[in-house]
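After this come two complexes, each holding chain A, first together with chain B and then together with chain C.
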Partner chain A sequence: MKKIRILVLALLIALCALMTVSAEELTGLQIIRESDNLPQPDTSSVKATLVIHSKKGNEKTRQVIMKSKDYGDVTKEVIVFTAPKDVSGVGYLMFNYPENSDGTKKDSENWLFMPALKKVKRIASSGTEAEGNFMGTDFTYEDMGDRAISKDTYTLLGEEVVNGVNCYKVKCESIARTEKDPDRIAYIGTEDFLLYRCEFYDRHGSLHRVLECSDIEYIDGYACTKVMKMENVQSGTWSKITLSDVQYNTSAIDDSLFTVAALEQGRIR
Partner chain B sequence: MKKIIVSIALLFAVLTLAFAADVYFSGDTSLYSVLSLPPVNDPWEFTDVSLSQDFELDVYADSSAFFFSAGVEYDALESTLDSYLSEVYGDYFLNSFAFRLGRQKASWGTAEILSAVDVLTPSDLSDPIDFFKMAVDALKISYDAFPLVFDAYWIPFFTASVLPQSVLDVYSFYNISISEPENKIENSEGAAKVSAYTSAGDFSLYGYYGWEDTPNSTGKYDRLIMGGASAAVPVGEVTVKGEAAWYPKRDAVVSATAGVEWIKNDLTLTGELYGQWNKEDENITGQAGLAASYSLFDGDMELSAGGILEFKELDGAVTAELSYSFTDELKATASVFYMFEGSEGTGTYGAYKDLDSARIEVSYSF
Partner chain C sequence: MKTAQINERFESFARFQLKHRKAFLIFLIVFTVLGCIGLPRLKLTNGEEDWFDNWEQVQMNQDHFESIFGSTDTLLAFIKADDVFDPEVLDAIDRLGDEIVANVPYVEGVSSLMSLSIPIGTEEGFEVINPFEDGVPEDPEEIEKVRDFILSRESLVNVLVSDDCTETWVIFDLEQYSESLTEAMNKIAPPAMEIFNSDSFKSDKYRILPAGLSYTEYEEEASTYEQVVSRIAIGFIVMIFFLAFFTRSVKGVVVPAVATVFALCTTLGFSALMGIEGNMIMLMVTVLLSMALSVGYAIHFINAFKMHFRRTGERKESVVLGVKDCGWALLFTVITTMAGMLSFLAGGIKSMRWVGGITAAAVFCIYLYTMVLLPILSSYGKNTKPDGKYVSSQGSTAADLRMERAGKKVLKHSTLVMIAGFAIMLAMIPGVLGIKVNMDYSDMMGERTPYIKRLMEITRSKLGSQYSYDVLIEYDEEDAIKDPEVLNKMEELAARIGTLSMTKVSGGKPRVSSVTTIIKEMNRTLNEDNLEYYAIPDDQDLVSQILFLYEISGGDNVYQYVSEDFSAAYLHVELNGYDAEECVQNLDQVEAWVDELFPDAETAGVVGEVMQYAIMNGKLVRGSLRSIGTSFIVIFILLVIAFGSLKTGAIAMIPNIAPILLIGGIMGYGGISLDMVTALIMPMIMGIAVDDTIHFTNHIKYHFELCRNYRTSILNSYREIGKTMTMTTIILCAMFTIFIFSTINALCRIGYLSVIGLAGALIADYTLTPVLILITKPFGKEDK
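For the complex of A and B:
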């Protein structure tokens, strides 16, 4: 499945995919590969607002700056919280590695900066790749990262219209079955191969979470999904990520931003 | 003299503000109260009730930044008002170099509880339950050649740890005056650190030449020289951490810490062992520390607990804390601190047995 990468890149799948084959000729795996192979910007910089809606109707808001750069053999990403006060300045630096041809993948490298402690700490990759909630949202750390295509099997269930867009409906089933949500149904646009919706099913086969993607715009030729809403239908909570100030392939994102020193010095702005 | 560095940092602030791209102003209002355990007279007799207001200003321009943190505290029992300057510094970035000048805090090492190498900045020891780092007036120059990072510090003016009243009373009882090193260039402190952040782990080397943060028995501050190293290596689901330091002018010539940290979803567990080798009696003394924190209700509530055990007298301290965020701004925290005195009652923690307490804090952030 084309993973749900919150760090903008994830859901930003380029427009220029050429549809030379008809739906009948595509399998679930081919649709996922088409989606995965769409060009992405080498660098991105965005500001994001995270709204966390509780079951009781209370809302919390977090604001973050996210930057990433694809080096080919590694994608470097940095996230810094700017609001509210209790998490302001907290930063993550992540080096994520692509899947090898044999399906294996090198562990990501992760650092966390806590301004109150005045130091950066190294985190084992399981600390951020786990299925725990990302900063209290309904998104998980795994939602943020690359999920290897080889981890799932894919079945095309048909086509369905999502918010006026005709989509392929692809069932993605985990091979390991160890995840909290081992099965997903992804709704991928038949014209642009963008992800419009994803349903997450738990180990009992019950619908657990639903991701809705909207407000898709094209910036410098790349699609940008500006609003992503994840609803936990079992707990009644939902979280929404809204992107702003999106910049692709800008020269302002240089290598020096993706270092531990930059994280510690507060240079990510 | 210290005002010179602070003044330069403030001047830097004015210049940064003039060209600022982003300005952030924030603060915390806190009401803090402490109850003795067990209560001495009245079960609800507070030993400390304070209202504090902290302010922070962050300013960012293209290649520079400025940070200011200060506050005021009103002690409701003593009816006194105190102000403090936590940090004030300016940053300037030039290619791979970064310069930070002003009153700043810094932390060395990988240990979370019992560090062997964290000597760069002093601590406020006036409240032994809640030691916190103090800032020093310093110039820091960093060179980033990722994965290598070089940091150099020049600390022209000595800053001592704030001592607890009980210790000050002892000096006073024996009529010993405490005298800090003179503010002379030859009394400057210097420090350097080189770190490598690799796929295998993070590795650092440290060097420090300065002064002890606390006085000796004659009221003087001894020279402090330290050479050390630390590592943090991810192994599966845990991060293995280690620190070692050599102090040629201390009785405890060698100090070392080994520990592990495990983060899984909302749970963080840390365990550390600390030991030091004393040259005089060729003896090894040690401590063990444990800490755990767990967040629930989507991060609204956080439970944390920790403890330290000193092996020599089996004295130590335990703490437990529960905090709940009602909104992004409003948060309440309740905590309990308990010291156990061990066999002799004279160990690091046993000496503070009378300070067992429960604390309640309500804070509002903006």
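For the complex of A and C:
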């Protein structure tokens, strides 16, 4: 079984502090840094609807409540499924630790609650499955997480308009080349440094997946990408994540939510 | 109508043909060009689907199955070693996984001993362990511990690794491709092949045996293509050799060779223009048979022409007389051969119908080209003086006269000939009745083909199997499969299937897999790894949540066994081999159990290629009987019409039953099963073998009309066409001998059974035909 990782929607639900830097002064790496450095809230609470569209046209819908809090030395996150009905109440509690300067990282801690079992189970996992599909969608855990800037090299290819927004077109090439999609072309807004589109290329240089980000709103001063659609152009499947009820830095998120007891008591709503 | 009258009409036609020879040549050129336009559009396929006449239905079932469960194509590497836990073997598995994932398109992940994620229940919860996460341990004790741990997992032993640790799989999951299998396999197989065969994976400690749908399909196509091209090339050389040997003239070699090539190109071209898709293996039968018949037709004409030319020295007149002598008999043999081939249309098997139809058309074209080109081109040239040596012998050669002497001996021992002939035929009957029908595709292909040999080695191993079937259980409401009652019934069905004779058992464990294994494993994991919980939970919500947990944790396997909405599931059953009768009995039993256990299911039953084979088994028997019956009846009717007499038709049929009984008897006694390819042989040989009977009987009748004496007519016929009959049979046998050296079993069988049949037919024609005519006197009374 694959390890369940914290859903840090850092790249996509990033805060925006508009930077006024002219394009000619920026390199690919600088653009990515600007994007990565966008401020993030300490706490977030969202409801997400996951639509998974199969090759044959079937659609499955799942709904989750996600809450997270950044404590500096650890990010705590809780995810509880609310639909479909027979899995309502299934929840995860995750403690994720940041990467040390030497590249090492403490293993995350994960707990699972299954209402039918009526008890919490601790999940211990030694490995990471960054390239595994996130919750059965076309997104991978790595897509949803915070990829270290040092893992890629960056080349600014130019500028292009995406859905009416002028974007930098930055080619990100993996140094290790071990990933399923080692090359990406990211389209980052020239004004807001937010991600609008990302094309993922497989090891053979063929376009594999395309991410489209839309419905970007500013909530409490932080930018929030409310709709993310990932299409696998090779298999013909796609998945869409739609966020609603987004709350940042709210006082309603208290520390007791990130406990095993909260999961068991069904306090995550 | 008397034969003499028919022959005169052919004589008139020959005169007309020579008078307008340029117009005939122009017509033939235009016809050839039109046909060849279609050649680039010719589509030849090669696959099991070609054998199924009801492929659309099969495809519909398959599509329905795939619409629920998705494609199941994977790339596999079967690792055979003395000990798969040897550090060198483990290292190779690790490297192989990395290289394939990095270099082969569509590969999205690898499952092997080196990349396991095993959930283990603990007191607190569960732990996911990758035993080789840090690579291959240097300490042998560490490796022993891992070995013991892996062998303790029910879901891995004799599934991923054999209990004796000599076999293991490296499984590469392929992403579902939206392009066709042919396009995908051309991308997947070549780079995979390069890696599998590279020096870095050669060792005396292990062997890598690749497998998987797209990989083996690619190999099959390459192997078949090589076979087809090499056999046709050899066939062409053999044809040229025999033409040169028998005709001893440049014209005698070039004209039939050109006629054959043009006739085949035109036939295949027109078929392509009509949008008819062919079969690659069967094309060999068409091409080689066409070459053989072409040579035969040419020799009949050339020998007749030469006989008259030697006697008269008049070129054009000899051409006309040659056509007069053999034109009708050749046309008639063409019609009967076509009838034999067209009888495959009654067989109901797609590729048989194609080869029947296309060969019938090719045979007609060969006749058309031969009878237009040979007389016309033979008419060009100078006249010569009659050869005195041959004038007295009516143009006959020494060989012709030897044939006549042999004929005299046959007639002298007519009673013995009859007794021996009928005794052999009677002796063959029990063998014919003992022919077994068995369509084992692997047996048809044979283990002399390297990739089949490799696949068979995998099949015979503990972990592999060649044939399998699926039992589909489909409800009309969502989540029906999550019902513990349904899951327990699936368990019950799996247990029963495990007791069937054809179900493969490895290490005492029947090879029946379904979603229940995943649920049981997960339930055990969630309950401190307690074996008591290796069972289906009673609570449906718990089943739902277990499956959900499995799926969102990245367990893709679940949708290999259940539909996305959990309304359908299937059990995958691997077989220990293929025995048609046993399979049919097993499948009938499974169907009965499914009806008993799942009476409320919307659809429930067996699907998969084995089911199709089982259906085809019965169909093949009926199809073959229909083909043989149809060719028998049609040829009989044609003989009756040709000879204008029921009695003559019946007599002419007897020597043609002999080779059929001979082939059938050898198949029965030799344990050669009737399958999609061997089913071709009997109707085909009947259609070809009857040619000599027609030539011989027709000649005897013609001479009888001239001299009203059976003995004289028979001896004249021995002298005039006896040698030609031997020549044509030798050529046909030589062509079919090419098949004997094929590495494909089915073609090899076509080869030697056809050679036996054709040789038997020639002997029957030399012996039974004249003796029967002499005894029964079918053409009327003799003049005293």
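A few points about this structure:
Note that in this section the second predicted complex is superposed on the first by the 240 of 269 C-alpha atoms of A that agree within 3 Å, B and C clash if a C-alpha of one lies under 4 Å from a C-alpha of the other, contacts with A are read in each partner's own complex, and residues count from 1 in each chain.
Going forward, contacts are C-beta pairs under 8 Å (C-beta built on N, C-alpha and C of every residue); 3 or more make two chains touch, one makes a residue touch a chain.
These numbers were taken from a predicted model, which means no experiment stands behind them.
In the superposed pair of complexes, A:Gly221 makes contact with neither chain B nor chain C. Shared-chain residue A:Arg122: touches chain B and chain C both.
When both complexes are overlaid on chain A, the residue A:Pro98 reaches neither chain B nor chain C. In the superposed model, A:Pro39 makes contact with neither chain B nor chain C.
Once the two complexes are laid over each other on the shared chain, residue contacts for A:Gln234 go to chain C alone; chain B is not touched. Touch criterion met: A:Ala262 reaches chain B, while chain C stays clear of it.
In the superposed model, A:Thr82 lies in contact with chain B only, and not with chain C.
Looking at the shared chain after the overlay, A:Ser206 reaches chain C, while chain B stays out of its contact range. Applying the stated contact rule after C-alpha superposition, one finds that A:Thr61 touches chain B and leaves chain C untouched. In the three-chain superposition model, chain A touches both chain B and chain C at residues 54, 58, 60, 86, 111, 117, 121-127, 132-133, 135-136.
Those residues of chain B lying in contact with chain A across their complex are 21-22, 24, 26-28, 58, 60, 65, 67, 91, 93, 95-96, 98, 100, 105-110, 112, 133, 142, 144, 146, 149, 195, 197, 199, 201-202, 232-239, 261-266, 295, 298-300, 325, 327-329, 331, 365-366.
If you check the complex, the residues on chain A that touch chain B are 52, 54, 58, 60-61, 82, 84-86, 88, 106-107, 109, 111, 117-119, 121-127, 130-133, 135-137, 237, 255-256, 258-262, 265-267, 269.
By the touch criterion given at the top, residues 67, 70, 98, 102-103, 105-106, 108, 117, 119, 122, 124-130, 133, 175-178, 479, 482, 526, 537, 539-542, 544-546, 548-556, 564-565 of chain C touch chain A in their complex. Those residues of chain A whose C-beta lies close enough to touch chain C in the complex are 1-4, 54-56, 58, 60, 81, 86-87, 90, 111-112, 114-117, 120-127, 129, 132-133, 135-136, 177-178, 180, 202-204, 206, 232, 234-236.
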